[in-house]
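One chain, subunit A, links the two complexes that follow: it is found with subunit B in the first and with subunit C in the second.
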Partner chain A sequence: MEPHGVWIYAITGRASAAGLGELRGVGGGPVRAIAAGELTAVVEDVGLAEFGEQALRRNLEDLAWLESTARAHHRVIGALARLGPLVPIRLATVYSSDGGVASMLADRDADFLAVLSRIRRRQEWGVKAYASPRSEPDDASAGAEAPASQESRAGAAYLQRRRGQLTAQKNARRQMLADAETIHAELSEHAAGARLHPPQAPELTGNKALMVLNAAYLVDDEHGTDFASVVTALAERYQGVKLELTGPWPPYSFAADEESEGVSERALRIGARDGV
Partner chain B sequence: MSARYESGPAMASEVEPAVVHGTVSQGRPHAEPTVPAERIALVDLLDRVLAGGVVVAGEVTLSIADVDMVTVSLRALVTSVSALAGSGAELPGARP
Partner chain C sequence: MTTGSLAQPGAGAAQVYGSGFGGGREPANLGDILERVLDKGLVIAGDIQVNLLDIELLTIKLRLVIASLDTAREVGINWWENDPWLNANASRRQDDGHELEQENQQLRERVRELESGQKGRGNSRPGRESRGTARRMDLRDHRPR
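This part shows the complex of A and B:
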């Protein structure tokens, strides 16, 4: 038999790991539970020819493989999330044996129980804000007419106009970032937790508009509709940005303990640096 | 029980971006799944499965934080998530 490892999806409270049924994982095999104390890890046995360390380094660079694996990982976590609270595990975490998983559970049980308690009966919602096209000053027209002019005065006028446009563009972006911060602050007040992800690159989103906010919020199950209403209200108030809501997600962005708050600050700085 | 998860994309199907200027329409959080999991934007998913989730010390783990080892196509992808992946987004006591 091919050497295999144990791929981990999530950690749950003991009771909620029942009912995995015919759920299939990243390697196409059944998922199963490894219990230790009050916790259960949901795992799949995977062949090391595809999921061993060397193979993973190679396969993670293969976009098609990465996509199908990410979707399969998410499918299992999504199905588990319906059964009860869980701590999602980052993609591509593989143990060599059940014993390794069990001792990891035992070592970290207090941390996992704390996270399970925090995310219980809550879901993650994603909110992204893009620069609205109309709030980005258009510079194409000026750029097109300038070369036609031979006069030095016209050239100077062009440069002046161009500088004015760049300043306007900079101010517009600064305003959008300020709006994004306000939106984030307001949404955070309606959530049990908030995390900022770095803005996504335009080549990945297929959206040329500048992304000024990429955030995740942990929202009580029963307040999901209210949260969406707040997003709608903010979208109406801040016409300079376009808001996009995704969710509900399993609590991926809230799987780590509270101490990672510094990450948010850093993400915000990245947004500010890229944006202005 | 058998076809329950196979046919139902579960949580995945409910994650659907749905917003435009000035208006937001919510992806049906409590409705039955009707949208295939494939509808989720890959970039949103990677933000979560690569940068979210707990990092635990697997014995055969390839940490995504190990960005230097992963080149070419993935490099573009991880640009949007590497800041988080390489940060302290893990539980206390984690041994990356």
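This part shows the complex of A and C:
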């Protein structure tokens, strides 16, 4: 038989692993539970030819493999999240045996139970803010006529005009960042936790607009609708940015123990550095 | 709660997408999923755990997604604009001084092109040529090097 490892998806409470049914994992196999004390790890047996250390190193470089594996990992975690609170585990965490998983559960049970209690009956919502097209002064119009002009004075005037445009652009961005800070502060008040993520690359978002906020909020199940309404109200109030709400997500961003206050402070320092 | 509530938020003010978790909605985009499964989620020491930051493709193409907030702070809030790996147009969008410098460079090249083109066609006129030179000097004034 091919050597295999144990791929971990999530850690849940004792009862939550039932009802996984026909769910298939990253390797196409069934997922199963490994229990220890009050905790359960949801895992899949995966062949090391594809998911061993060397193979992972190689396969993670393959975007198609990465995409299907990431989606499969997410699909299992999403299905589990419907059954009860869980701690999502980062992609590509593999143990060599059930015993290793069980002792890891036993060693860190207090940590896991603390996270489970924090995210119980809560979901993660993602909010991104993009520069809306009209807050980004268009600079395409400036380039065309200047090189053709022959007067030296025209060159200087062009440079001056260009400087003016760039200043306007800078001010507009500053305003957007200030709006993003305010939006984040307000949303944080409606959430049990908040995390700021780095803005995503345009290549990944498929959206050319500048991303000025990429945040996740941990929201009580029963307040999800209210939270969405707050996002809508903010979108109407701050027309300089375009807001995008995603979710509900399993609590990926809240699996690690991190004080949300600390993150907000860091965000403020980022703003301060830019003179916002 | 749930997915029902997703349909509510209002008339185009905020765009709303599902996460593929609620079911029956547009699946979450790959960037959002990668951001979460690669960078969020709990890190535990498996027996086999590849350091995701060692992966060349991730490092190059997805660096923005998995970069830490501290990095963002070090480089400034607009750091992603200046990173050529992350932004093919980075050179076009760099900070003001640099952008002007580049434009000056382009203008100088254009002037040189026009001048040499005129000579090549043998129809160069002294008046135009001297104006071209003046222009080039003017540009040079703005571009100490």
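Following the convention adopted for this analysis, the second predicted complex is superposed on the first by the 258 of 276 C-alpha atoms of A that agree within 3 Å, B and C clash if a C-alpha of one lies under 4 Å from a C-alpha of the other, contacts with A are read in each partner's own complex, and residues count from 1 in each chain.
What we mean here is this: a contact is a pair of C-beta atoms (placed from the backbone, for glycine too) under 8 Å apart; a residue touches a chain by one contact, two chains touch by 3 or more.
Here the structure is a predicted model, which means the values were calculated and not measured.
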Fit or clash - subunit C, subunit B, common subunit A: clash
Touching partner for A:T182 - first (subunit B), second (subunit C), both, neither: neither
Subunit B versus subunit C as contact partner of A:A156, first or second or both or neither: second
Touched partner set for A:S117, first subunit B, second subunit C, both or neither: neither
Which superposed partner A:L23 touches (first subunit B, second subunit C, both, neither): first
Partner chain in contact with A:L66 - subunit B first, subunit C second, else both or neither: both
Touched partner set for A:N171, first subunit B, second subunit C, both or neither: neither
First, second, both or neither for A:P198, with subunit B first and subunit C second: both
First (subunit B), second (subunit C), both or neither touched by A:S132: first
Touching partner for A:L56 - first (subunit B), second (subunit C), both, neither: both
Touching both subunit B and subunit C, residues of subunit A: 5, 8, 11, 48, 51-53, 56-57, 60-63, 66-67, 70-71, 73-75, 77-78, 81-82, 87-97, 100, 104, 108, 115, 123, 126, 197-201, 203-205, 216, 224-225, 228, 231-232, 235-236, 242-250, 252-253, 255-256, 263, 266-267, 270
Subunit B residues within the subunit A interface of the complex: 1-6, 8-12, 14-24, 26-27, 29-30, 37-38, 40-64, 69-74, 76-77, 79-84, 87-94
Subunit A partner contacts - residues on subunit C that touch it in the complex: 1-3, 5-6, 8-10, 13-22, 27-50, 52, 54-58, 61-65, 67-73, 76-78, 80-81, 86-87, 96, 99-100, 103-104, 106-107, 110-111, 128, 131-132, 134-135, 137-139, 142
Subunit A - residues contacting subunit B, complex: 5, 8, 11, 19, 21-24, 48, 51-53, 56-57, 60-63, 66-67, 70-71, 73-75, 77-79, 81-82, 87-97, 100, 104, 107-108, 111-112, 115, 123, 126, 128, 132, 197-201, 203-205, 214, 216, 224-225, 228, 231-232, 235-236, 239, 242-250, 252-257, 259-260, 262-263, 266-267, 270
Footprint of subunit C on subunit A - complex, ascending: 5, 8, 11, 48, 51-53, 56-57, 60-63, 66-67, 70-71, 73-75, 77-78, 81-82, 87-97, 100, 104, 108, 115, 123, 126, 143, 146-147, 150-152, 155-156, 159, 162-163, 166-167, 170, 173, 177, 196-206, 210-211, 216, 221-222, 224-225, 228-229, 231-232, 234-236, 242-250, 252-253, 255-256, 263, 266-267, 269-271, 273-274, 276
